[in-house]
Amino acid sequence: MKVIRIDKNDWAEGIEKIRKTYSLIGPVKEKFYHIFANLGSGQMPDMEFTNSRISPKYIIYPQSEIILKCSMNAEEEDYKIYREPEDKEYKEKAVLGIRPCDADSLPVVMRNFDTDEYKDPYWLRAFETTTLVGLACDAPCPSCFCTSAGSGPYNHKNLDVMLIDNKDHYLAEIITEKGEKLAEAAGWQDKAEGIADEIAKRKSDAESKIESNVHTDNLAKQPLLDLYEATSIWEKAAFACINCGTCTYVCPTCWCFDIQDEVYGREGFRIRNWDSCMYPLFTLHASAHNPRGTKLARLRQRFMHKLKYYVDKYENGIQCTGCGRCVRLCPVNIDIRRICNMMNSYDPETCTCEATVS
Amino acid sequence: MKSYTDNIKEISKRLLKEDKVDMVIGYRTGSVPLMHQPFFAQNQEEVDEFVWDSNCGLNLANYITDRTERIGILATGCNSRNIAVHIVEGKIKREQLYIIGIPCKGMVDRHKLSAMADGDITSVEDENNGSITITGQNFSKTVDKAEVLQENCSVCVHRNPVIYDELAAEEVTEQKRDDVDPYARVKEIEALSPEEKWAHFDDLLSDCIRCYACRNACPLCYCPLCFVDESNPQWVGKSIDHTDVRTFHFLRAYHCAGRCTDCGACVRSCPVGINVRDFTKKLEKDCLELFDWEAGLNTEQRPPLDTYRPDDPEEFIK
Amino acid sequence: MENPYIPYPVRIDEIKTETEDKSLKTFKFVFLNPEDEEKFSYRAGQFAELSIPGIGEIPIGIASSPTEKGFVKFTIFKTGKVTSYLHSMKEGDIMGIRGPLGNWYPWETLEGKNVVIIGGGFAFTTLRSSIIYMLDPENRQKFKDIHVIYGARSPGMLLYKDELESWAARDDLNMHITVDSCDDPEWTHHTGFVPTVTEQEGPAGTEDTYAIVCGPPIMIKFTQPVLDKLGYSEDRIIMSLENRMKCGIGMCGRCNIGKEFVCKDGPVFTLQQLNQTPKEY
């Protein structure tokens, strides 16, 4: 793999160059914490950050997105005939500083939006036009567990470029063609030789800082209905749960959505909004029957989906990359690490499990 | 002197042993610092998980709505007031409850502490002598607890429970409204011009992701179907359109007027740091000034906005 | 890339009120673009999203049969926001249809077999589609005995009354119509609940006999033990589920029962499959 050296003195100049072909998105400190935001003219990404408070999934999958549009004016040709909005642009964009855990969430979500039978054009077009310039993670949060979730602080497999902060310069691994194209556009060409060992050491140092150990090896083997009926796992957590949507909205791998129609003036819009399995409304039938009518059923759905249904359906690990956001932000401390370890260690014979976090 | 935690455990064990209650609602130690978890104990071993310190900031009254068991529940000043509101509003019966009163010294603000730390906090020590020590990978810092209290706690004038069956500690000295001025921030906002106010609230809500953590953490928000979830008719759109976001927050705040005890659960639970109290505290102030009313100080009187008196001085009511 | 969210524009060609309480209406739609009808090629048992611009979408089983050409039909119970609006619409109005969606009754498996159709209330729509499909002259010889057991609260609540009578008059179909109660002395069909009539009239479960069951939860609950008694094995009891849906294409995440999506992996499941999933429907 090609590795180049980007002197931090040349960083800003390169960013200016790529601005001509890409719209740029990067970490910005807003009020109390970092978010990923569009970088205005001259604005630089703030690379001195741990990770954004909310996952950057909205770059590809906005919280609210108009998917169809029509006229509500009977005089017009497309009166009540929904079409894709013509003004929808998919300009090439580059995300600077995305962490490996968040980049690793994209193939997870893609399994939902890109299937043999149906393709979600909005997600896929946005994804295809995005170049990911990741930033390796040297100081993971205490609540991170990426290494147990198929990701890692130096995991570059879903990035186009991975930057490694090396004091006065970045080492940049050029991983894909998209990455190559971006590096060229930025004029970053200075090859770094003989640094493979250095990078390997940095990687293992970073990995050793991940404190949480989450066990997933047994999940696929656990009988689905046994886990589903394991009251000892669900009851106490469900008591504390307030059924807000925080965990699902801050999560990079939660993909569920709602579709709503709205009318403004003489235009009709079909809008896709993030939705949450924590809300009773998510599954409420018009008859008032609710197949997940209890707090317990909804909490269980979230964890069963991430840690069992997904595991069984795709045979590709868990639907989680260990970013730790839900752990940090759940107002009532429902900790996926603990639930995962309980599910993994559950013994259907005795109905017991181990509740450990690390 | 025994700690709050020890006393709470002792009382809880006794209540369960004497079969006075079916469960006791308290907190257990969280898996991350500054975040204890609401927890119910039904036996002696579970009681041993109980903890009490300045990280117990959610409102436990949220957990008793429409329950049918006999419940022991820990209650600080604000929590006890919300229990009183619940009793008045018919969400629980007084006879079902054994209230373990907790004279409260205030909860720490996890956002403030995180901002003070040089890195991620891995542990928090509540010294019980008015100081808090936070520790991380390469740092350790001791701060004056008064400086890092949640804002609602620092201006609280009802730290002792207003209703209880037993206290877990001696009463604490109450702060006086003249000394702490609970409405200082409200007054600042009131002094703004209409344009500045608009800008303030616009900015306040700009990060809202409509996760409804504020609503769901609030013991007052027990409506079986919240107005934002109603579909026929649909009052509010569901996207993050600014008008819809504002409508949610404005209406929710008004629905809590005269019932809110300023427990701060909304602010504490918000993942994006919105100071929801900028709405609720103003309405609390109005209720005090217009009706001489503070929510949840007794279990008999209905809040001013859901009742009326024939001798009301206002003309319109007649 | 085909956009799975864009509905085909259709015109409401005919609206027929089905039941005495006017809560059920059958809508006949004609595609505005004839080529869309080609694309909307479906099998009996599938559903579609009916789309009313500015109001929303609603998943409804297709009541017409693939053997009926030039239109599609849906019978709609007035219950929520979208269906209430739909009930107020007029012939000639423009709206949309997205689909066909989901799987269908296992027609390949059912060939050469006895088929028992058991339906209740307004969940009879895809069963109508199935009956019309099986009775089509091209198809009838593909199936052995066909039994239909269909019940509603009262005679006035039965769907497709004219067709029911014409089916009852045929000799290549065993029709058992029932109502919960009836004081009309002219009533010539059964009185009693669907499970009871099934027990009396249903053929025994054999290797070669399949039951398709579609109805309200209470009917399903009491029909299951009857079928069990008649000797039907779990893999020969076929059911069609309903859950709240939005996308209809297995992406929005709400209609799952375990790892299966009712909208995409269903709505048709065998009882054997359902017994291996959480009962979240």
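We just call them A, B and C in the order they show up, numbering each chain from 1.
FYI, a residue touches a chain if its C-beta (ideal position, glycine included) is under 8 Å from a C-beta of that chain, and two chains touch if they have at least 3 such contacts.
Just so it is clear, the structure is predicted and the values come from calculations on it, not from any experiment.
Engineer: Per-chain C-alpha centres versus the global one: which chain is nearest?
Structural biologist: A
Engineer: Report back the single chain whose CA centre is most distant from the CA centre of chain A.
Structural biologist: C
Engineer: I'd like to verify one number: the distance from the centre of chain B to the centre of chain C, where each centre is the average of its C-alpha atoms, in whole angstrom.
Structural biologist: The computed centroid separation for chain B versus chain C comes out at 50 Å.
Engineer: Between chain A and chain B, tell me the centre distance in angstrom, where each centre is the average of that chain's C-alpha atoms.
Structural biologist: For chain A versus chain B, the centre distance works out to 31 Å.
Engineer: Using the average of all C-alpha atoms in each chain as its centre, how far is it in Å between chain A and chain C?
Structural biologist: 39
Engineer: Which residue numbers or ranges of chain C touch two or more of the other chains?
Structural biologist: Residues 80.
Engineer: Which residues does chain A have that touch at least 2 chains other than itself?
Structural biologist: Each of 258, 260, 262 in chain A touches at least two other chains.
Engineer: Note the residues in chain B that touch 2 or more other chains, in rising order.
Structural biologist: Within chain B, no residue touches at least two other chains.
Engineer: Quick one: in the complex, what on chain A touches chain C?
Structural biologist: Residues 67-68, 70, 72, 79-84, 112-113, 115, 117-121, 124-125, 224-225, 228, 255-263, 268, 270, 275, 277, 282-287, 289, 291-292, 297, 301, 304-305, 308-310, 312-313.
Engineer: Within their complex, state which residues of chain B touch chain C.
Structural biologist: 231-232, 234
Engineer: Quick check: in the complex, which residue numbers of chain B touch chain A?
Structural biologist: 30-32, 35-40, 58, 62-63, 111, 115, 119-120, 122, 207, 209-213, 215-217, 229, 237-241, 268-269, 271-273
Engineer: With touch defined as at the start, can you tell me which chain C residues reach chain B in the complex?
Structural biologist: So the residues of chain C touching chain B come out as 80-81, 84.
Engineer: What residues of chain C sit close enough to touch chain A in their complex?
Structural biologist: Residues in contact with chain A: 1-7, 9, 32, 51-57, 79-80, 83, 94-96, 217, 242-244, 246-247, 249-259, 264, 276-281.
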